[in-house]
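Could you have a look at this structure, given as structure tokens, before my questions?
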Amino acid sequence: MKILEASGISKVFGGLTAVSKVDFHIDEHEIVSLIGPNGAGKTTFFNLLTGIYEPTEGRVDFLGAELKKSKPFEITKLGMARTFQNIRLFSSMTVLENVMVGQHCRTSSSIFDALLHLKRHKLEEVRIRSVCEEILEFLDLTQYKDEIAVSLPYGIQRHVEIARAMASSPRLILLDEPAAGLNTNEKVEMTTLIRKIRDRGFTVLLIEHDMKLVMGISDRVAVLDYGNKIAEGKPEEIMKNDRVIAAYLGKGAEQNA
Amino acid sequence: MTNLMTVLRNLIFYSVILFVAIQVLARFFDFASKKLIKVGGGKKKLLIAGVGVFALVLPLLLAGEPYILRTSVMVLLYIVLALSLNIVLGQAGQLSLGHSAFYALGAYTMAILTVSFGVNFWIALVAGGVVAGIFGFVLGIPTLRLKGDYLAIVTVGFGEILRLILINWGTFTRGPAGIPGIPSPSFFGMAVKGNTGYYYIILVMVIVTIIISKRLEDSRLGRGLAAVKDDEIAAESMGVNPANMKILAFVLGAVIAGFAGGFFASFVHYVNPDNFTYMESVTILTMVVLGGLGSIPGVIVGAVILAILPEALRDISTYRYAIYGILLAMMMIIRPQGMISLDSLKRRSAADENPRSIWNFKSFRRSNGR
Amino acid sequence: MFMEHLSNGIALGSIYALTAIGYTMVYGIIRLINFAHGDLYMVGAFLTLTAITILNLPIAAAMLFGMAGAALFGIAIAKFAYSPVFKAPRISLFLSAIGVAIFLENFAMLVWGPETQSFPEVMTNKIYNFAGFRMSTIQIIIIVVTIVLVSVLSYIVKYTKMGKAMRCVSQDMDTARLMGINTNRVVYFTFALGSALGATAGALVGMYYKAVFPMMGFVPGLKAFISAVIGGIGSIPGAMIGGMLMGVSESLGAAYVSSGYRDAIAFVILIIVLLFKPTGILGKTMKEKV
């Protein structure tokens, strides 16, 4: 079943076409990777899906309904969560609190419930906490839960961001370069983790530069270059694709190969 | 020229004292909060109960000291005001410099309703909160599109416009002359006479405000506010609607300030536009910054210090606001997190990492913007 | 009558424009609304007044004295209050600026007293009539001084080495430094220049209304900032246009709408501009990178 479908979406900034008529879809329980050289428009594409930018043309369908001018928080509520390339954790919060923010859109107690400590609020707080603690356990982050998140090592922060995204109970998780800045060991851990997330029932869309990681876990890979989708297919097909090799290594490499 | 020399000498002298005082207080509060965090739940409750009992019996201890009792009432009033601004500035991160406008709305609602229409104090008090809340909502709307310093300027404008209305709308507000003769409340038929009655009313308001702040902080909405404060884009991506959060903070902060204003009007029996200037907003702001943005115990400490200070330093009262100015800038440089920072409350371990040194004169090194 | 309000508005507008340029320049370089800028305008007026009454300087020299003094104040503020918090979150920098503003207002109150001081008559004020368009000597002086200063400023920004450096820094401070520009010097120079322009505006206003007082910079400072926003913050021609619009609309609004609310007009304009065209007339859009 198609969980997300982008049909002919483009984004133009002034005179620059960052994303050009891209067709793309993700099936449920897939791990799909989006790769491409720097400046190929991958993050812009992410921002189009999550509602931070509005497409200049084309449409995005998520869970069978069109996302028309939806705000990012509305899209998150529909079931799409993301992480950021340059980690954006909440700096005044502990790890647990950061993750608890993820549950915001799954809860509904009002200001009066909270101020009067009504039962609804109390039950919800207990539920939020247990859901989040379970996620932290799942990601082996329990030991850090009361630390201020931004004071932790970089690799841990990446995991906390994923935990926060998972806490919003999404159907689809978008990971923007989750392995950037990690060392070899941490990259292996990240690979296992992404598999674990998928096995838990999430669908994963990944932007990544690390080819080893991408080719190891993806069911499908799409390649962007200068805003155009130049290839799509199974990892082994992509590795052999001439246009992809040309995009990454330049035209000359093609002839030498 | 001699005047200039005296002023400069005094200012340098006060700055040095201020610098030392901030350092000493900071060390003290770091030490105290480190100790307190380690203290168990039972002892903490005992401590809170101790403070509560002290606050309850204070008027009895001060029976022969009406001046000190009156000052205590003002201290408590400023705690309420500072906590109300803290919801907007500390918890939601929205820089509001027009907070005295909400305070004024509450006070004028009280004055007009009780004096011109003979309305009961308690009803007028609630009405003041509601009126301020409505204006909080109105002011909240521009905040949806504005950030940081732009928002601050709009809130200054809001405060100024309201003051102009108070001055110019003579038929309703009696203009610059103000409204005298605001009656005292009665409580179940008993007239509240003297400062003792007012003391207990404001004490209840302080307690309620602390509970509201604390419960808000520990709720999903409180985390939403903090998320918007820390990183609006990330908050939005995590499913938090920033618009709702900001409006919530503005309305809640305004309602509480409105209640405080109503109380103030009745307490001093007289309001005029000069009570609610920009400087009043700045005073409240300085309390929040001194105590620690977002930290409830910190803000209380900040309000207590700055409400007592002018009384203790009557001789140099002309220097009061100049000192506030230096204090604001100096706090930002040597202790931006305030006396009791939010971080130190959350961290179980020590809050003793890198206190920034004033001698560390960093030059302008950073890319523009954020 | 209309013509009189218009010429009054143009004179006022020149003053707002001069002050607005200071805001815009500082904002362009370090992305800070220098909340203390309005108070540097006040300091400039007081220094000029002091130079006339105590040092017995002629008016032109006194104004230069005021400009130099305010420039020094500007540099000192940048050095001691802003540079230590430059790396901290924006809110710290802005709160520091508010602190400086309050300090300057009360510093002036302590040194020169809280009362309004009258500015001496420095020239005979005549009314000139240009085909129904009446202007007084002082109004003409204000406009001429503004035109001269803005021309000098434009020359500095466009053609001098420092001006080029300023333009680089306003685009990207890090890159500018990597290219060998001494960014600290550029920042201090910008503060000095902006403060000097603000001080001139303050001195001119002192002459115009013959009154100088410690809080005189607060509301005009806000209005000048609003002018800068209307024109598009960061743009010097924008600040000129915004200042003129502000001066004229305030003067006409006070005459024909309500004089009691003349200070409110500016804020109403600000809210409208920010809600409908937040980048101002000549401003560029800046979007946060995700």
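As written, the chain order gives the labels A, B and C, with residue 1 at the start of each chain.
Simple rule for what comes next: a contact is a pair of C-beta atoms (placed from the backbone, for glycine too) under 8 Å apart; a residue touches a chain by one contact, two chains touch by 3 or more.
Note that the structure is predicted; figures quoted are calculated from it, not measured.
*Asks:* If you drop chain C from consideration, which chains still connect to each other through contacts?
*Replies:* Ignoring chain C, the remaining chains still form one piece.
*Asks:* What chain sits nearest the middle when you go by CA atom centres?
*Replies:* Chain B is the most central one.
*Asks:* Measuring centre to centre with C-alpha atoms, which chain is farthest from chain B?
*Replies:* The most distant chain relative to chain B turns out to be A.
*Asks:* Could you put a whole-Å number on the gap between the CA centroids of chain A and chain B?
*Replies:* That pair's centroid distance is 41 Å.
*Asks:* If you average the CA atoms of chain B and of chain C, how many Å lie between those two points?
*Replies:* The answer is 31 Å.
*Asks:* Mind checking the centre-to-centre distance between chain A and chain C? Centres are C-alpha means, answer in whole Å.
*Replies:* For chain A versus chain C, the centre distance works out to 47 Å.
*Asks:* Hey, what residues on chain B touch two or more of the other chains?
*Replies:* Only 233 qualify.
*Asks:* Residue numbers in chain C touching 2 or more other chains?
*Replies:* 290
*Asks:* At which residue positions does chain A touch at least two other chains?
*Replies:* Answer for chain A, listing residues that touch two or more other chains: 52, 84.
*Asks:* Under the touch definition given earlier, write down the residues of chain A that touch chain B in their complex.
*Replies:* Touch list, chain A to chain B: 50, 52, 71-73, 76-77, 81-82, 84, 88-94, 97, 100-107, 109-111, 113-115, 117, 121, 124-125, 128, 146-148, 164-165, 168.
*Asks:* Name, in rising order, each residue of chain B that touches chain A in their complex.
*Replies:* Residue positions touching the partner: 211-212, 215-216, 218-224, 226-227, 229-231, 233-242, 248, 252, 294, 342-343, 346-348.
*Asks:* Quick check: in the complex, which residue numbers of chain C touch chain B?
*Replies:* The contact residues of chain C facing chain B are 29-33, 35, 54, 79, 81-96, 98-107, 109-111, 170, 172-174, 177, 183-184, 187, 218-219, 222, 225-226, 229, 258, 260-261, 263-264, 266-268, 270-271, 274-275, 278, 286, 288, 290.
*Asks:* Note which residues of chain B are touching chain C in the complex, please.
*Replies:* 1, 3-4, 7, 11, 93, 95, 97, 142, 145-146, 148-150, 152-154, 156-158, 160-161, 164, 167-168, 233, 278-279, 282, 285, 289, 318-322, 324-333, 336, 358, 360-370
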